[in-house]
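Shared between the two complexes below is chain A, which has chain B as its partner in the first and chain C in the second.
Showing the complex of A and B:
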């Protein structure tokens, strides 16, 4: 029987892992739900953001938050440019899978060409820092990533719900023709949303650089779990992505603590399959 | 008179140089490495080692006086792709000889193809000898035929020789085939020696959440932690434990990425196993003095953070040494002739004298225990192989 401390620590660990899943899922969920583009290159962008954070810190001694201050606007612009290309070539929901997969492979090759296949570690004084809460330890960087994910999720939800652009984006995702008839300029709004999605990849990348050791193949490490988070959370639903991240993170972590760790993926994907069987309309 | 002698000397020198340089159609040696994918960071070391070896061959006499070409393909760390690529190397590229890929699963996949076409198959990083049934495979990962017994025995012998040997052990291992195989062996060996195994866990290859695993190890509080790692798992595990304000008194890493672990701030006194490190007595082995500076130069140029020759690089170099020795001795490229020679002869390599006449072509277990000391790996056990002045440091 696991001790209460072990259970509590695994819940904390799961919540924090879930925060990182949510941070990665936010941009993907927005792009899939509201632009109807399944952007597999989102993971490659996040890793590119991580490598850039590492490079700026390692080579130019730029603090990670300053690096993020450069990377996030640059990624916003990159997201806009990407959407210009997608719009120009009329990329659909299905073809976006192929196009963005190719883009991810290209980005992976570029990363490997520049930084080699060897591991890169951005050593910072905060890498192993934790806050002690009774018998439990809360790693500082993971907590910061989790709080950032929560802040971005709630802010994005409010933006989509209460602003004109947000409402227009949701309307266009429901029925583009009808939204257009009401004067919604979906094309312009889509550029903004694509930029925001890419910028979120940059934010996730900055945290990945601080938390993980980097290798080019890491692009694909998050794919399955983050897709599960996006689908469970509901497409285009930022708060849903956050909660789904917590659900998957905690279920995996508690499984690791009380049963065989190798069962962890089984539990999270069982949740996904169960949800798809019971509520297929979520996709 | 003097002028005539000078001309003659120049002519002789020119002729000798022309004779020494390899000529004719190249001997093509085909192989794959995980140039991309999760195994790429370690496979990069094998690539550099192979490139140096081929370059050095071509700077000399080549093989049988012919230049050597290494036809290297990227198997993307995927065994299924590895199998297809070896099929292509043999049937489409029509390579003369084969060199194995990196890591157990890829090697096993390629071995089946080599067997079908009866090609001699040297390889350098296979961890499950009992599965290698092909009579013409030649391993230079010198684990011996039973690494699940011999490797843990060497490690526990080293610990037992210290002033405070561990009484409790936790074993956490990746489900990657060779890591799981040797780690489950470690559990049996530990129990047979009267040690209490307080935790045994297996996790999926590619695991991301280390917090829960770290919490379980902390909860078990062992004297000694055996991590059946592949690549970076050990670093991530140590970091996760540090975040819980816990460091195991002693920790062993089975197949770590050597550089990142040696350089990690949390990896002080980490243990692992090796067949070669850059210090005596290993530096006296065949080819060591040549490889070490060349590898340092190339690896530094390739931006490899830990540009030292250790077990991965040396294993790779030894595989090339075996292939060269067989071709040179037999003056043949016939796979069966080469295989017969390798079965009957010992090869003097950078990791020691290798023999292939034991069960499944495995010879002696040449693995020694090494420890991270001052940011560098040094061998600490057995004592006769320890770096000068080095000993296994206590917690």
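Showing the complex of A and C:
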């Protein structure tokens, strides 16, 4: 049995890792829950954002937050364009999986073409900075990522809950035809949501560039875990995604501390299986 | 049949090639083609036919690769002895997953896809961190390769050819059998398939197991072919991406479609080899996938065949003669349907509160009541779509409650849906033939088609046999529901508002039909709002309100009961 300090440290790093999962899950959950589109290319977009942050910082010495300031609006536009294609060809929930799967592979190839398959590391002075709380260390950047995820999750929740566009989106997700009959312009709102979802991928990308080592194949590394987060959190539920991110992050990192690291990826998957078998109607 | 002989002949001729001395380059190229033919075709057995898209084919392929690697390089077993084990390991893996996942009733297709993809990564993690691999990869270069012919490339060629021919033969057999028919029905509407008598759980599991087993063997052979395995290469996204693409390109619902797609893609990928070109090649393949999904959703082979067939069938459309005498000649022994104290709640809503009723053979019982009174719920409970919370439903000596819907259909219970739910990709004839195959009639496929023709004639749809459901109007679709219900040779028919939305002429012919069905000794329970038809047709009427029987008896008496008038018209009208 590991010491209490080690356990405490693993809970902290689990919460922080969970914040990053939630950041990635947020956009995915929105487009799946409210647009009925499963966007596999979300991960590829996030990684593209990370590589762009890296490139802008590395080659042009642009600070990461400035880089993010360029990338996030650009990604918003990209998200809108993506939805134009989806709307034009009437892509369904199911075909969206295939189309975005193809898109993810194209983006992966693109990344590999420009940056090769070698590992890239964005060295910044903040990379090793951390705050000390008693015996525990909290890395500053990861804390920032976690706080950003929490802020975005709560803001998105409030937006969906209280604004007209948010309510219209939720109504249209339940029954597009009926919402349309009551004057909801679902198509216009869907473009905005698709843009926001892609913009969130950009935000996640900026943090990924700062926190982790980059390689093109990482697109697929998150997939299982983040989808588990999305499904456990409930589709289209931003706060649920945040909490599910924490749950998965902590359970993974505690597993690593208590058992062997090799078993960590099994945790999210077991929770997911459990949920699907016991509470299928929730998904 | 002609297709099966063609397949066998092609396999034999191709098997001769190494003997006449084909250059090693071509043998290697063709090895890859057959390798992908086997993988893509095996993928389509579940994912193409039943529509449960798996992104986890790489997991079964990888399981096969590492089984062979562990047994041969690790434990010194001979290669050919390790191959069947690879199949067994992959099959067991899929059965384990399927047994858990397919039990979940509401698991939608896209969740299945994500789940299988996640499984691939989990499996990769386990292999990477255990002694199966451990990180550095596994070499098979010291494992002796059995010599089927002189050259090693020729041996691989023959192994892959054999597997591809076997896989295609399996695909062909399945598509023309009950299993295939059932899987196609699951693709279109799984709930209805189950109610028509398709054992959906078992069929999905069998298809999944077969699909995974073949992928395991393909992986086992490929492990020897590449002779050096690493986890990132084995469990990469390549296998799931390519099998999906090949099948979608060729047509995942046709037995030959994935093979055609595999040949085309493998050939075009051969143009991009090595370094930067391989990256470009993958991007191009992914782009083609997107274009096909958007522009040609059904795939190449079905698109070509449909064009060719369209011409032939228009010429042959007239030669249908009614064989009514044959239809229903083998009616099952009549039996009484008995519901005793049936309860069912949905969350807090008590939809049925102790409903009891019985329908004797040759009797027509009308089930009436205001909207939301539990009429359709009762039909769903009898047909096994919903389980009863309490109470029993019996048919003759058999108890229906607690059985899965397909067994209930097999015992002779058929139903129609208020909003017709035909299988969208089945012609009218095939829709009815499916019911004849899986209902209590249990016809062989050829017999079922003859039977189906007769029932289409009976319901006046004989000339629409080749039409797809979306080409039929509402009245025709309602009658198609009726023909489908009859083709199962039921002892009980549950009719859920068959008359609603029909015009007076159509109603008259439907009423006439229902009378004829009764003549055959079938027990009929029909839900209807149309009072004229209720009074005209029914022997007895059962009135439901808020899940309770409030009146029962002869049609005129039941409808005049004070409670009934109160429920329909309010208290003031009770005089």
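Quick notes
One rule holds in what follows: the second predicted complex is superposed on the first by the 283 of 283 C-alpha atoms of A that agree within 3 Å, B and C clash if a C-alpha of one lies under 4 Å from a C-alpha of the other, contacts with A are read in each partner's own complex, and residues count from 1 in each chain.
Heads up, the rule we're going with is that a residue touches a chain if its C-beta (ideal position, glycine included) is under 8 Å from a C-beta of that chain, and two chains touch if they have at least 3 such contacts.
Owing to the predicted nature of the structure, the values given are computational and were not obtained by experimental measurement.
With chain A as the common reference, chain B cannot sit beside chain C without a clash.
When the two complexes are overlaid on their common chain A, residue A:89 makes contact with chain C while staying clear of chain B. In the superposition on chain A, contact is made by A:106 with chain C only, not with chain B. Contacts of A:147 after superposition on the shared chain: neither chain B nor chain C is touched.
By the touch criterion defined above, A:227 reaches chain C but does not reach chain B. Touch criterion not met for A:133: it reaches neither chain B nor chain C. In the superposition on chain A, contact of A:259 is made with neither chain B nor chain C. Of the two partner chains placed by superposition, only chain C is touched by A:38; chain B is not. In the superposed pair of complexes, A:217 makes contact with chain B and with chain C alike. With the contact threshold set out at the top, residues 108-109, 112, 217, 221, 260-262, 265 of chain A are in contact with chain B in one structure and with chain C in the other. Considering their complex, residues 2-3, 5-6, 9-10, 12-14, 16-17, 108-109, 112, 115-121, 123, 127-130, 132, 137, 139, 142, 212-213, 215-217, 221-222, 225, 249, 252-254, 256-257, 260-262, 264-265 of chain A touch chain B.
Across the complex, chain A is touched by residues 53, 55, 100-101, 103-107, 109-111, 113-115, 117-119, 121-122, 125-126, 128-130, 232, 237, 241, 244-245, 248, 276, 279-280, 282-283, 285-287, 289-290, 293-294, 297 of chain C.
The touching residues of chain A, counted against chain C in their complex, run 38, 89, 91, 93-95, 97-99, 101-106, 108-110, 112-113, 217, 220-221, 223-224, 227-228, 231, 260-262, 265-266, 269, 272-273, 276-277, 280-281, 283. Residue ranges of chain B in contact with chain A, taken from their complex: 35-38, 40-41, 43-44, 77, 175, 201-204, 206-209, 211-216, 218-219, 231-232, 235-236, 239, 242-245, 257, 259-260, 263-266, 302-305.
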